[in-house]
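Provided herewith is a single structure, encoded as structure tokens, for subsequent inquiry.
We call the chains A, B, C and D, going by the order they appear; numbering starts again at 1 in every chain.
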Amino acid sequence: MSLRFRNSLLALGLVAALTGCDREQRQTRGKPLAETVPASTSPDTVFPGNANVPPSDPRAAVYEGNATAISEGQRLYNWMNCSGCHFHGGGGMGVALIDDKWRYGGRIDQIAATIVEGRPNGMPSFRGRLTEQQVWQLAAYVRTLSGQARKDAVSARADEVSNTPPQTQTKREPLTPADSAEQ
Amino acid sequence: MTPAERAKQPPADVARDGPKLTGAKLDKRLAATWSNPPGFLGWLSSVDHKDIGRRYIVTALAFLALAGTLAIVMRLQLSKPDNDLVGAARYNEIFTMHGTTMMFLFAVPVMQGMQIYLTPLMLGTRANAFPRLNAFSYWTYLAGGCLLWVAFLLNIGPDIGWFAYPPLSGPQYGVGKRTDIWAQMVTFTEVAALAAAVSLTATILKQRAPGMSLGRMPIFIWATLVTSLMVIFSMPSVALASGMLLSDRLVGTHFYNPAEQGDALLWQHLFWFFGHPEVYIIFLPATGFVSEIVATFSRRSIVHYPIVVMALVATGILAFGLWVHHMFATGLPRIGYSFYTAASMAVSIPTGLQIFCWIATLWEGRPRFQVPLLYVIGFIFTFVIGGLTGVIIAAVPLDLQLHDTYFIVAHFHYVLIGGAVFPLLGAITYWFPKATGRLMSEALGKTSFWMIFLGFQLAFFPMHIAGINGMPRRVYTYPAGMGLELPNLLSSLGSAVVAVAVLLFVLNLVMSARGGRAAPANPWGGASLEWATSSPPPKYNFLHIPIVNSLAPLWDAGEKMAVVHGLRIDDRELLLTTVVSAKADVREPSAEPSLWPFIATIALTVMFVCSIFSPWALAIGIVPVAIALLAWFWPKSPEPEREPVIS
Amino acid sequence: MRRSTVAIVAVIAVLLVAALLFWTSRQNSGPDLSTKQFAGPSSNKVIPARSASPPDDGNWTMPGKDYASTRFSALNQVTPANVGKLQVAFTFSTGTTEGFEAPPLVVNNTMYVVAPWPNNVFALDLTKPGAPAKWTYEPKPAAAAKGVACCGPVNRGAFYSNGRLFMNLLDGHTVAIDAESGKEIWRTKLADINKGETMTMAPLVAEGKVLVGNSGGEMGVRGWLAALDAGSGKLAWRAYSTGPDKDALIGSQYRAPYPSDQGKDLGVKSWGPEQWKIGGGTVWGWISYDPDLKLIYYGTGNPGPWNAEQRPGDNKWTAGLFARDVSTGQARWFHQGAPHDLFDHDDINETILVDWPAPNGQRIPALLRPSRNGYLYVQDRRNGRILSADPYGYINAYKGVDLKTGRVIPATDKEPKTGRVVRNICPGPPGMKDWNPSAFSPVTGLLYIPHINICMDMGAKNANYIPGTPFVGADVKMYAGPGGNRGVFTAWDPVARRKVFEIKEDLPLWSPALATAGGLVFYGTMDGWLKAIDGRSGKLLWQFKTGSGIIGQPISYRGPDGRQYIAVPSGVGGWAGAIVSADIDERDPTAALGFANATKDLKKRTTKGGTVYVFALPQ
Amino acid sequence: MRRGGAWLTFLLTGCNGYQNAMGGDGAEGANFIQLFSVFMVVCTIMYVIVAAALLFALWRRRSAALVVEDRKHHQTSALVRPALFAWTALIGAGLVALTIASFFTDRSNAAEGSKPQLILTVTANQWWWDVEYNLPDVSRTVRTANEIHLPVGIPAEVTLKSNDVIHSFWIPNLAGKQDLIPGRQTDAQLLPRKIGLYRGQCAEFCGTQHAQMALDVTVESKEDFLRWYAAQLKPAVAPANPQQHAGYRYFTTRECASCHNISGTPASGQVAPDLTHFASRRSLAAGALPMNRGNVYGWVADPQSLKPGSRMPTVGLKADELHSLVAYLETLK
């Protein structure tokens, strides 16, 4: 085993270790970020003028693909009656969340913004009804419904009547409109 | 004529041992045949039961040290009320790791390690059956243990308790991959334990020295046979359960989902159908140690050998009828509980008989207080308390109060430390000279014994009271003012004493292994066959296969033991005997060292670990496993070169 | 010109002349057909309540056709013999693609089309070719209301009375529009979408009162029926479906036929503390009116949440049928179809007022009530007593109706439990029949019930209450019941208490039925076929594939040219069609309250639409 | 035997705690003490016999030399066989006696619950207890959380359910434990014999905050119980001053109402403890903290530092919101 090979193995192990820690990091109080300011990412992807694209929210990285956040989001999805309109992602009163259509953007910060602000065709605003952390947790969970989150951080099913194919097996739907994947 | 020769005239053109080929000349030839290939790869490919047994024991002791460290952390956390040394989540991981490591990675493997090391020596054979399977067993166990601990160190260790009840361990509440790692670790250890058990069972039934009929088998071998059979019958249950749990978690099946007509209690039934026998899988080998040590240090055979054997067998059978007493609080039908109460109480009869026989043996013999016997005495004093509290919690009305409290914690530590670890420490001291050729320090040994014994009582007796005072298990903290401060403080102090004592024991091990007094072949004057060969035993165990005529061959036959001639020396060959009366039956080649078991384990590990993340890993990962197995089982090249017979 | 062509033209000409003569003779034969012509008083046939079903004037002024809710047109030009020749006269697109449930109304040569959200109304001038719009009314209801409409932003129609159109807007307003000009006369806000209330039902106007109720039984709202003054839009009275007697307008006139509906403040006492405040019982279905007794009959919706373990008790006055005095709103009687409803078996279905032939030759004022729980109740409409209750489809959730207590007997093994799934409950939450009403034809004496054959797996779970969000607490998966067909069209003989024929439809039947004096019955299917069948045999005589699935009421009217027209709205949606209209992903079987599982194939069989098709025989 | 039991109790516990299996303040708890005492006596006797025999055996022929007694190592003295029989008979008799004692105690425990006069439903959640008193008149149902009140001497039956994972319902002073299993319904019988304040705790590991999932139990006279019940039936009191009113407004329109219920207000959340009479309870956060102003402040302001992992989020209240919210919560007697 050459030294370089061993070093790269070590590095790989270290990366694995870090991702492991990161993925299942438990945050009970949320990061001391500016949590009092509601997420307000614009769903727009056209920025006229000098194309001053706003920077992406730093909180996104904290919640995206985090197993604990997703699990809490899964609970809140039922508790906050998201499942009453969107069901297990198929939709009903609300739009489907397991498909590849995102009217207001499918990034975690866009979803968080949708939850906080509400949307004109019936999505109620949960501003003041949920804490910032809960909103992000919900958004992290909603991402899993269309297979956007890491498979090793999601839960295959909840202890309820069987519904969608397990999220551990959900294929990742492309984010459309395609530009919402960028930024 | 020896029985072997009577059984079958050997072909005359192969090199064999015999009266004329003996001593150093034979030793050289046999050593060449039975030794490992050189180098690191040779080390990896070893199929020698002594290597594997030693690796098992050392690894298991390492896990004991790790899990013991966690125990100290827990005791520190609980030493005072409302402590905040470790948080709730971390504490849950710690006690899960402690229980899981102790049960799956220490207790069962260390017993199997002792069995793997000792069985062929006590039977008078050169290797165990299926030596490559044995090697595979160890590597698989090691892989499972590493998986669990690497995960813990990466902060993705399990946090669901060692019995992992769903739905807490299910896909919804068992967050992330923590539970999957736990469940897959169970699969690893199940595979390892089953492989070892199969090998041990076959060794015992077919490879005993000629003349060692079932009625002349050392008690420890009986205990090994019973526990191996128990492993074979109980482990599939938990492998099935954990497989179903993994499938619930990975592909969303509904085995444990009550909302889809699954049942959370299904897990408990399956788990305890394994879990309760597992306690005896740990405990029965320990009684085997005790019987051997008692006989040697009383300098007489065990009193009422048949009764001890029957007790072992009876315990092994009864152990499968008790599992519901772990589930008295689940609201199953009350009348059914009475059956399990009766069965749980009945299991104390065979144990009581064993204790009687040990005391009677001491009574009838001339006990000599050396460290192994001290551990046996400590064992009886401690274990009987655990057994009696076991009778208490077998009663439904009492169990409903005491279940899942610190009373239970006290009970099973009395049973498992008092009943299994004390004999194990005695057994390590007892067989240490055989394995290393050096004696352990008696003074250090006695000091550590007394510290462990007294420290243990201090650590665990107050837990009974904590439990009655209303302290549930698995709590990371408790409020002040409930009468829990003193018991917990005492327990924490006691655990510190035990920790120091265990360090002393390990120090003794290390120092003695380096510079202990050299040990003769039979330092304690034991009667069983392992003391007939040198200390440490040669690679091939015995120069000639001994012939056994009594229960205590070394005492009865002394120096003049009859031996078998005629086994090949240029190739690994064993003498198989008949199952009941151990008449020489056939010669059987024994497998050469091979890297393939190790490679098969690597392939299996890749498959198992990947299957935590994707079900496809099972379909794809099975291919390398199959290739490794094919290579492993590939028939040997034709007969090696013939050479003239020396006879 | 070849000889054969000449012959064909001649035959057609002769036929046309004959038809014209026949038609003019009908035109001149005095007053139109009334029910009297179909059955005399001494017959043992069931006939529509006379005062509630006046002679047909060729208009269609209210969704139920008449106060008796017969959905029967006495026009008889189209007959089994000639229905095969029906062809499209004109079509009209509303420009919306939500579920199109509202029947067009035809009054005095104007057709009024009410679209689903945004609830635009179009007045079409039938006297001109192609029926151009006279006016368009745009009420502009709040878009947010769509988010609290459980089963699509539908509207079940307007009501024409006295030169005005009355209708509800999804966002909780009732409006009156001038039928001539399309000007809004008044607009009254009754419901609050922030509490989850919407309004989808068609009003009923009687005695100068506009009767409207709220929707939102899945949102934890408190149901009510309100009466507005038709002239001013002022609230005259409001009768809640839960709560104390004074809220429910239960007073001295109240005489319940069965003991379990008798008692003080049952709307409070049959609930856990405060649960009645969010207990459902919305009024979103159909109202019938008896001008003789001056009573209205309407059903209340399901109690909330669906998870029945969260609301112990009988949950009065949900899932039952009220008879009320139209002018004061005072309750006369109440009968609960599903006490402590377990399966969302609202009782909002139509009631058809009939005169029932009693054995002694007398006629009992009765009502036919094809209930959601699968039983067809025949009740004395004076006091609510049940004359008979028969299942009109496969039921295993109930064991029958106890005629002594009036209560349906639940099957204990089908009772949903929190955290467990109960399989194969029939009928499912939409019941044996949902809102889409049946038609009663005095010609055949049969009741034509378009209904469904859907069972379900149900897993109850704890529902959380957040105002304006769903309050359901159940995971449901629906699927076809025994036989595999999801829809059934049943012709029921109410006197013989038996099925005369049934037509198995593959897709759930979500369109109301229309019966005509020609002996025909019309209904639509969710894949877009408008079907005409022989009212006696059920034989399919004619069908036409419209642009989208049909879930709306077909009507029949007489055009300005004197011909009989058939009009049907085509536009899939509603609960059953949400999978198409709301773009539901069929991979989630629980989507749309579990209906998605039962209509997985619908996306392949139809698309969204919003068109009125009008048919007539060739001129 | 009773006196022996009491003595053992004292020996083991020293004092009579409010969460103690030796409390014996309920019928089943008293049965436990009795049966436990029987078992302790029998077990102590057995232990003394074993220990004495072992010590004597060791002392009798101790030796330091390492000599196998030639040809004698298989022989056994004549005394051993009868002793074996006697020992087996003793164990057998002891076990039969204990089994029978256990069986009859179990019967007696079962018989106590046969005629309950009070029916409660306790639903376990991570990590709190939802308590509901079920009367035939459903409109008089009382819902509370993390506390139960029981009238002394009146048998109560507790229906046990779980909303998430397996928990165990254990009030040691009154009775043994019973698991709460999702998808199943179990029950426990309580017959309190002594007026007093007790504590119950979850006894099956149920996740992060298993340790802080307790239940305050008040056993009181029938009159006190009825008084308490009547008070619980009332909706919450209306806010009296502007500060309380501000708290009320915050509670009913913001995050709190998404989960919590306060009867008589628009807050009707169903997934967290019912707070209608919050301030009348002895503790908060499922027994994690005693009820006092400081703890209410701490809990409302930052629950995650007091009970990490709890489902109660740290909302990030501003100071005036916190003051008014606590002021309002304190009125909920």
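Throughout what follows, a contact is a pair of C-beta atoms (placed from the backbone, for glycine too) under 8 Å apart; a residue touches a chain by one contact, two chains touch by 3 or more.
These numbers come from a predicted model, not from an experiment.
Taking B-C and B-D together, the chain pair joined by more C-beta contacts is B-D.
Centre-to-centre, using mean CA coordinates, chain B is 73 Å away from chain C.
If you average the CA atoms of chain B and of chain D, the two centres end up 37 Å from each other.
Put simply, the C-alpha centre of chain A and that of chain D have 39 angstrom between them. Centroid to centroid, with C-alpha atoms defining each point, chain A and chain C lie 42 Å apart. Those residues of chain B in touch with two or more other chains are numbered 89, 167, 172-173, 258-260.
Each of the following residues of chain C touches two or more other chains: 419-421, 459, 461, 463-464, 466, 475.
The set of chain D residues touching two or more other chains comprises 164, 182-183, 257-259, 271, 308-309.
Chain contacts in this assembly form a complete graph, since each chain touches every other chain. By the touch rule above, chain A contacts chain B in their complex via residues 16-17, 20-21, 23-26, 67-68, 71, 74, 151-153, 155-162, 165-169. Across the interface of their complex, chain C is touched by residues 258-261 of chain B. Against chain A, in their complex, chain B makes its touches with residues 89, 151, 153-156, 167, 170-173, 175-178, 248-252, 254, 257-260, 612-615. On chain D, the positions that touch chain B within their shared complex are 12-15, 17-22, 28-29, 31-32, 35-36, 39-40, 43, 46-47, 50-51, 53-54, 56-58, 60-69, 72-74, 76-77, 80, 83-84, 87-88, 91-92, 95, 98-99, 101-103, 105-106, 109-110, 126, 160, 164-166, 168, 170, 172, 175-179, 181-184, 186-187, 199, 201-212, 287, 308-309. Residues 134, 137-143, 161-163, 182-183, 233, 235, 257-259, 261, 263-264, 266, 268-271 of chain D are the ones touching chain C in the complex.
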